[in-house]
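This report refers to the structure that appears directly beneath it.
Order of writing sets the chain letters: A, B, C, D and E. Residues in each chain are counted from 1.
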Amino acid sequence: MSHADPLLRADLASLLPELLLGGFAILVLLGDALAPSLRRLWLPLSAAATVAVALLIAAPGWASPSSFGGFIEWTPVTFFLAEIVLLSAALCLLASQAYLRREGLGTGEYAALLLWCTVGLLFLARATELLTLFIALELLSFCLYALAAYHRRLAMATEAGVKYFLMGAFVSAFVLLGVALLYGETGTTRLRGIAEALAGGSGSSVVVTLGFLLLICGFGFKMAVVPFHAWSPDTYQGAPSPFVAFLSVAPKAASALVLVRLLGTVASAQVGHNWSQLIALLAVLSMVGGNLLALVQKDLKRMLAYSGIAHMGYLLIPLVSVGHDALPPVLVYLLAYALMNAGAFAVVALLFARAGEQHLIAELSGWGYRFPFLGLCLTVSMLSLAGIPPTLGFVGKYLVFFHAIQHGHVTLALVGIAASLVGAVYYLRVVYVLYMKPEVQAPGPLLIDFWGRLAVLAAAAGTLVLGVWPGGLLDWLARAIGAP
Amino acid sequence: MEVAVFVTFALLAVAFAIVVVAHPHPVKSTMSMVVVLFCLAVLFTMLGAPMIAALQVLVYTGAILVLFLFVIMLLNVGRERAPVVDRPAQRWVALVAAAFFAGFLGMLLWRTHGPDTLEPLTPDYLSIHRLSWELFTTWILPFELVGLLLLVAVVAAYVLARAPRPGEVPPAPPAEVDAAAGPKPARAAAGSHP
Amino acid sequence: MNYLWLIPLLPFAGAAVNGALGPRVPRWLTTLVALAAPGASLGVALLALWEYRASAPAPFEQALYAWTRAPLHIDVAFLLDPLSAVMTFVVTFVGFWIHVYSVGYMAHEKGYQRYFVYLNLFMGMMLLLVLGNNFLVTFVGWEGVGLCSYLLIGFYYQELVPPQAGRKAFIVNRIGDFAFLVGLFALAQHFGTLDYRKIFAALAADPQAAQVPYMLGLTFAAFVSVCLFAGATGKSAQIPLYVWLPDAMAGPTPVSALIHAATMVTAGVYIVVRANALFQLAPGVLWAVAIIAAATSILAATIGVAQYDIKRVLAYSTVSQLGYMFLAAGAGAYAVAIFHLGTHAFFKALLFLGSGSVIHAVSGEQDMRRMGGLKKHLPVTYWTCLIGCLAISGVPGFAGFFSKDAILGAAWQAHIALWAIGTVTAAITAFYMFRLFFMTFHGTFRGSDEQRHHLHESPPSMTVPLIVLAIGSVVAGWVGVIPFLDRDWLGHFLAPVIADVGLPAHHAEHSLTTEALLVGASVLAGLLGIFLAWRLYGRQRNLAGEDAFVARFPTLHRVLANKYYVDELYDALVIRPIAWLARMCWKVIDTILINGAVHVGAFVVELTGDLVRFTTTGNVRNYLLYFFAAVLILFCWMVF
Amino acid sequence: MSVPISWYLVLAALLFAIGTVGALTRRNGITIFLSIELMLNSVNLLIVAYARLLGDQGGQVIVFFVLAVAAAEAAIGLALYIAVYRLRRTIDINRLTLLRW
Amino acid sequence: MSTFLYLFTHDTLTLVVFFPALAVVPLLFFPARAQGAIKVYTLLATLGELALGGWYLLSRAAPGAAFPFVRELGLDGQPISWIARWGIRYELAIDGISMPLVALTLVLMPLVILGSWKGIDKHWRAYGAAMLLLTTGMLGVFLAFDLFLFYVFWELVLVPMYLIIGIWGGDRRIYAALKFFLYTMAGSLPMLVALLWLGWRQHETTGQWSFAYADLLQLSLPLQPQLWLFAAFGLAFAIKVPMFPLHTWLPDAHVEAPTGGSVVLAGVLLKLGTYGFLRIGFPLFPQAAHRLGKPLVVLALVGILYGALVAWVQTDMKKLVAYSSVAHLGFVMLGLLAFDLVAWQGALLQMVNHGLSTGALFLLVGMLYDRRHTKKFDEFGGLAKVMPVFAFFLVFSSLASVGLPMLNGFVGEFLILVGSFKSEAADLRWAAVAATFGVVLAAVYLLKMLYLTLWGPITRKENEGLRDLSVREVLTLTPLCVLMLWIGVAPALFLAPSTPHLQQLLATVRARIDGDQGERVARSGRGPLHQSAPMAPAVASGSGAGAGIVPARVPRSKTAAAAGAHGPGAVPAPAPPGAAP
């Protein structure tokens, strides 16, 4: 460990988005305590802040590529991921307003926790050092635990929180073990340092393998990859629906990036030999398992949870052969997933009046006509999830499969499409329930507000527009990341 | 001498660790945990980390475990009524897996670091001054993060455990919600597949 | 002669105009259009023939437009050569008079306008068939007449039987058409064109080229001939596809006269003669044609003996007579086949129209057992029918005599057995025709009183055509003899159409003695048949003879009356198995195998999902264990 | 003689495994959480031992942070238990199975 | 952006393709209850599309000549890039092959809307939107000249059709809709993989990213990958066609779909499959197509006969017509697999024909259904008495479907069969003969339908008071019938625009097949097409008795074929002299 760089202003400046968001969260919290009557403002305001930060970080040159002595970095990849995280946070915040109002829940803490969680995610995405990674992970996890159980009056919500918490704590112990082993074997916790040390031949390869494996499993858990997925349906089902729009997207996205980093380190350090097979195995398990399990769900949220598991499987496909060109598919897929999943959960949040009960798909029967706008947006989300053009979901699938094919993993692509076929069944089920079944029951007392609609519209429009014109996005990624 | 101390505290730690996980009464578990942590603190000292040892005793034993005790008492958690586990498979698989894991990891570490010899402890290594220098320069970012983390923890704990505010809908009456009485598995629920 | 295309077009126009006018216009207008179209067509045809007389036998071709262009160029084109000239004359002439007859016959029917639309359409199609300059145009007409036949047989669509009969006719015809089409494909493949003149020119230029092995172990010529003849068996009701024709009598009687006696059913003969160059190159096929024709003729004739439905008797007679024509063709005497085609068109149309007149008179009754003694009520019909019967029986002086005699002569040269069958058939023909005649016109009326009350001679619109056709039935036979006092005038006229492919000519002149003997035998056979009929039916003036016949040969009668059970045989051997197969395809392959596999696949997927879902027990300790176990397993997998 | 470093490491592994067993076999939520704390602490031991082996004070810093995290975690976890207990009057994990399948 | 504006404001393919989709937008602002207005608007939109498209086609077509190949270019005269990163272009183009199908789509859509007037009684707004989107999708498939774009349109078609079946369908509509969707997906997903592989391969070979049809056409792949790719593409197309045994979605979809849905499904959607084979499957993977030709021919034949047989025993009118589609499309497939110009002409024409006649039949069944709410044969009989106009149209359309000369069906079938029979690229004589038997069966089942519905006495009281067709219904059917007759009487006019394009395509394909076979000796001097008569094999072989025809029909020598297969990169041998267009 070198004796370290002094704390520089430039380094602090590179924490701009985190500082802004975190600070804003504190302001919200204070405001909530001081002026409770303004509680309807917090969520839209926070969303606006998120959007503002999202716009702000697009400005060039405010952050150095690497700061705090190589603890965090700021690259186009991180930027893109940060945008995804901020986007899903904004959508979640917007969609939550109606839910929280309907359920009589406080908004200040909610907004603050969500913003802090976003901060944690940004750190997670940026961290290139294992301890920072671990703390960021814990930071965001704490927020997630609290938010999952935010609806304290609901048995389901608290149960979801406890389950998520126990799983998370258990897994974080393993992650920490992994960190410890890597630290012990290489003497450093910086990823680059680890790679260099390993390339230099230090450390026991088996122990290092175990260390990396534990980390990968840990972040696989966060991504809800089979076989580390079991928590996600339970948690999604119990947690507040609009929050799941965030929970199901942002942590997965950041963890995926961490996974990319870890795999990149592993690859450059040349430790262990069958990481590719490992990822391929996880991908296949997730695609097949997720889709099979989603197929038999009657609860919309659980179905979406399993679908999310399956999507993480698709996402892993490019990581089988991790390299520069694996990033665009992953990032685009994440963006697509963020938009369509957030859209879907936002609609769920708006359409299901009884938060403490199951969200049966059958309840939506015929509501496509009662709620033409929401129905249409949900349909768009479903089609995008199913990978039907011209949606961003399709573009994502296309890139993922294309990557697989370019690297000779045709079998993986074929498994992927077979799983997609199963996937189409349950996504379509939502569509047909919406439009093809006669209405069986009138909705309960719903609250469909402007912000919710805005979130849904943004998600659906984004899915479609980027699906039709993905060119700019892909060009940008290619230029920024320098994929071949 | 050192070996004797190590063996004593190690055995103690293991023994009480077993008590922690095996004792049916949470209070006893927690108290055993105190012993374990104390033993570990001793070992930390032996490893040249007196600062950590002190923190261990202060933070862990002094704060965290007391918190545990408070909560246990608050919730009035008694002995586990049923046998420790109700599904033998879970227990046996867990035991075998853990044993395997311990054996494997232990063997691995033993094999890897068995021959390693330790440098004698240097003052530098023991220096708390240097440690804090490290903490506030190299590790400043995690340090800041941990600050936020603690804030989050406070808020989160408050959000979760606070009493309902005036005007807020109170929690549902505490009812013994049994899993069996919960929502039926969706398979059995109404709705049809094509 | 550039107006040649008007001949088929005019009837089409008539159909179109009447079709467009609809059923609500005054009946006289419908009649006007309906008669004007074939009338004009007849006029144009006569004009064309008159003009053609000058340039004959050089064929006249007229291409209207290209139906398809390269790579397979097919023109919509017409051809006037001796063969089509004869056919055109027969079709337009007989057709026109049957139209006239129909005006009277259909006067009280509901679908008057529809009837004439169909009938005009038929005329157009038939003329397309005979005037077509290539196989395709002919085929268009060929299928077109089939369609009209379907529509006209099923004219009384509100009854149960006629639509079924129509369907049967169409489908059986289609089976023939299938073969015809395959023949067309072979021709197109081999020659790259379907033009008659190009094909026959190529054949004439290089007959050997058609002798190459092709399909089914046959030479090209044989294969195509087989296909065309198979097509002809459908259209011209030969074994094995003759079964539709008797059923086709469900249509109005003039239809039977026009389509199922005079014109459409002879299309098969026409096509065989048209393609004689190919048949000539396939002697084996010619034999087959002759044998099938002979068999058909005697089979149908014997069935005709035991029928009571007046139209059915005539139908079987038609089948039998068509067999005669094919017999001639099979014996290589193509001109003779056409000769008989022409004479038959007259006398069979006459007979059908006569029977129509009878049916008209007895209020739709068709069973001869409930007729009798109509002679005094229907004098015109009686006398014209007598002429028809005499003609078909081959009584000297009447048309049938000449053509039948020529056929038997050709058969004699081909093989004595063929001649023998032909002669026996002639006797049977005479017998059943006069059985019909006596049962209908002689004796006492056996129908109900109500029918008796309504007995009347038909209106002039019906009797005039009868008379015209009766004259034709006499005169037509002399055509072959008289015009230039050249025996076999028709044969010479048609000669350019008959291919000379260098094979030994089938028919040299008979010696005079042989000739005389043959003529004598055939006349004798006819007279014998007439005599027998008179003995059984004419003399006793009631049905005693019939009863005696039935009593004497009950089994034979049953077999004959049931048409040798051929329909039942087809039903059991062809239709039922195919229907069974179809149901199997549907119920077993489609529903059980394919859909079943899909459903089972879907079920298995869902079942797997349902089983796997129970791993998500809801107990978080299980989840922890999953994680832990997975880590361990993956680690072992990674390390070992 | 000094204690070989591998003894510490093996001890840490052993404690970690014991903690795992506790987490996997207990049904009382608090005991499970306690077991997880035990796991964390065993990792602390591992890190300190490694730090000693490497002669790197960074390891101690890590442990310092881990302690803080563990404390925070305890706060949240126990708060969650309280929330659950309010509704269900139990923190028996086996009974928290409203959400399943 | 300026390109964008330009494309939407000029007489372009883009406008033709996307006009219906644009027309959806105002539709969304209609109040849901204003069904009448929505209907009229939708009809006007489809008519507008017909006018636009019709103008586009007519202004470029010359009677009797080839339809020009028109490529959609940007303002700068360059192809328009869509996803530049992967060389994906927004490349629309039209030629004589797609033109008839585009025209068919344009003509059918207003009729479909007219035909749905009464049958669709709810959610007209959604129905109109789905139909219009469907139009865009279908036109897009026919006009896309970039494979990626093709795929996008291909999938785009799926959703509206799924909704149409599922929302406005019969009792088992959801099952049918899902089946339709999943079958199609099951085909199109492997196609996507194959497509991506192809794009990658293109990049590997040329260093350029491109999915453009013209570029991929240049890619000569070895046999092995070709086989896989063809299998993947072929699966997608075969499901859409549908070929036996992948057809079972069709009867369900047809039976459950509303009238309009059935018409579009049979009229246009099925053609996507055959068009795919013709445009993509064969030209891109000629050797593979040729290798797999035999099994495919067998499937096509089975489809013809099996479809006909099963149609025969149906008790439901729509199901009968649906199975008849299986048979008819079997003919098309046979024609395509013959690799013969005449057969291809016929196949292309038959695609249109089938769209017209089967479309009309479905419309008629729908009209009956509107009146009686049943399609079962038992419920009918003797309708000709009460509904003579209906009877006329039903007979007319059935006869067209049966393949009666002078109507369109005959032309297509005749050309297909002649072409298959005389094809030299594939030995299909017996197949053609067997297929010809399908013509007989067509008569069997369609006449059965006529018999059971129209003829005989009226057996049910309900049928006695049935109204005959209204003016609207007659207007719906008349254009179809006019076209059926027109094509039947003067097919040359309809064949002319596409023949040169087909010929060119065929020459490319044949050249590569021949290269694969390395067996040009036997047919030296003989082009794929005979234009001069007589050109009997006998002529080629002189008067040597019987020997002339044999060499041309010699079964492909195994060794020669294998040699072709092993050729590295399978460089296509130069075309035989006659094969060049």
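Observations on the model:
Rule of thumb we're sticking to: a residue touches a chain if its C-beta (ideal position, glycine included) is under 8 Å from a C-beta of that chain, and two chains touch if they have at least 3 such contacts.
Predicted model, so just to flag it, every value in this text is computed and none were measured.
Distance from each chain's C-alpha mean to the overall C-alpha mean is smallest for E. Taking C-D and B-C together, the pair of chains sharing more C-beta contacts is C-D. The distance from the centre of chain B to the centre of chain D, with each centre set as the mean of the Cα atoms, comes to 3 Å. The mean-CA centres of chain A and chain E are about 44 angstrom from one another, to the nearest whole unit.
Distance between chain centres (mean CA atoms), chain A to chain C: 78 Å. Distance between chain centres (mean CA atoms), chain C to chain E: 37 Å.
Looking at chain B, residues 90, 94, 97-98, 101, 105, 109, 112, 134, 138-139, 142, 146, 149, 152-153, 156-160, 171-172, 177, 179, 183, 186-187, 193-194 sit in touch with two or more other chains. Across the assembly, chain C contributes residues 606, 610, 613, 616, 618, 620-622, 624-625, 628 that each touch 2 or more other chains.
In chain D, the residues that touch at least two other chains are 16, 19-20, 23-27, 32-33, 49, 53, 57-58, 65, 69, 72-73, 76, 80-81, 83, 86-88, 91, 93-94, 96-101. Those residues of chain B that touch chain C in the shared complex are 90, 93-94, 97-98, 100-101, 179, 187, 193. Per the touch definition, chain C reaches chain B in the complex via residues 606, 610, 613, 618, 621-622, 625, 628-629, 632. Chain D makes touch with chain A in their complex at residues 16, 19, 23, 29, 32-33, 36, 39-40, 43, 46-47, 49-50, 53-54, 56-59, 62, 65-66, 69, 72-73, 76-77, 80-81, 83-84, 86-88, 91, 93, 96, 98-100. Only residues 1, 131, 134-135, 138, 142, 145-146, 149, 152-156, 158-163, 165-166, 169-170, 172-173, 176-177, 179-181, 183-184, 187-189, 233-235, 237-238 of chain A touch chain D when the two sit together in their complex.
Against chain C, in their complex, chain E makes its touches with residues 179, 245, 248, 251, 306, 309-310, 312-314, 341-342, 345, 382, 384-385, 399, 404-406, 410-411, 414-415, 417-419, 421-422, 429-430, 432-433, 436-437, 439-440, 443-444, 447-448, 450-451, 454-458, 490-492, 495-496, 499, 503, 529-539, 543, 545-550.
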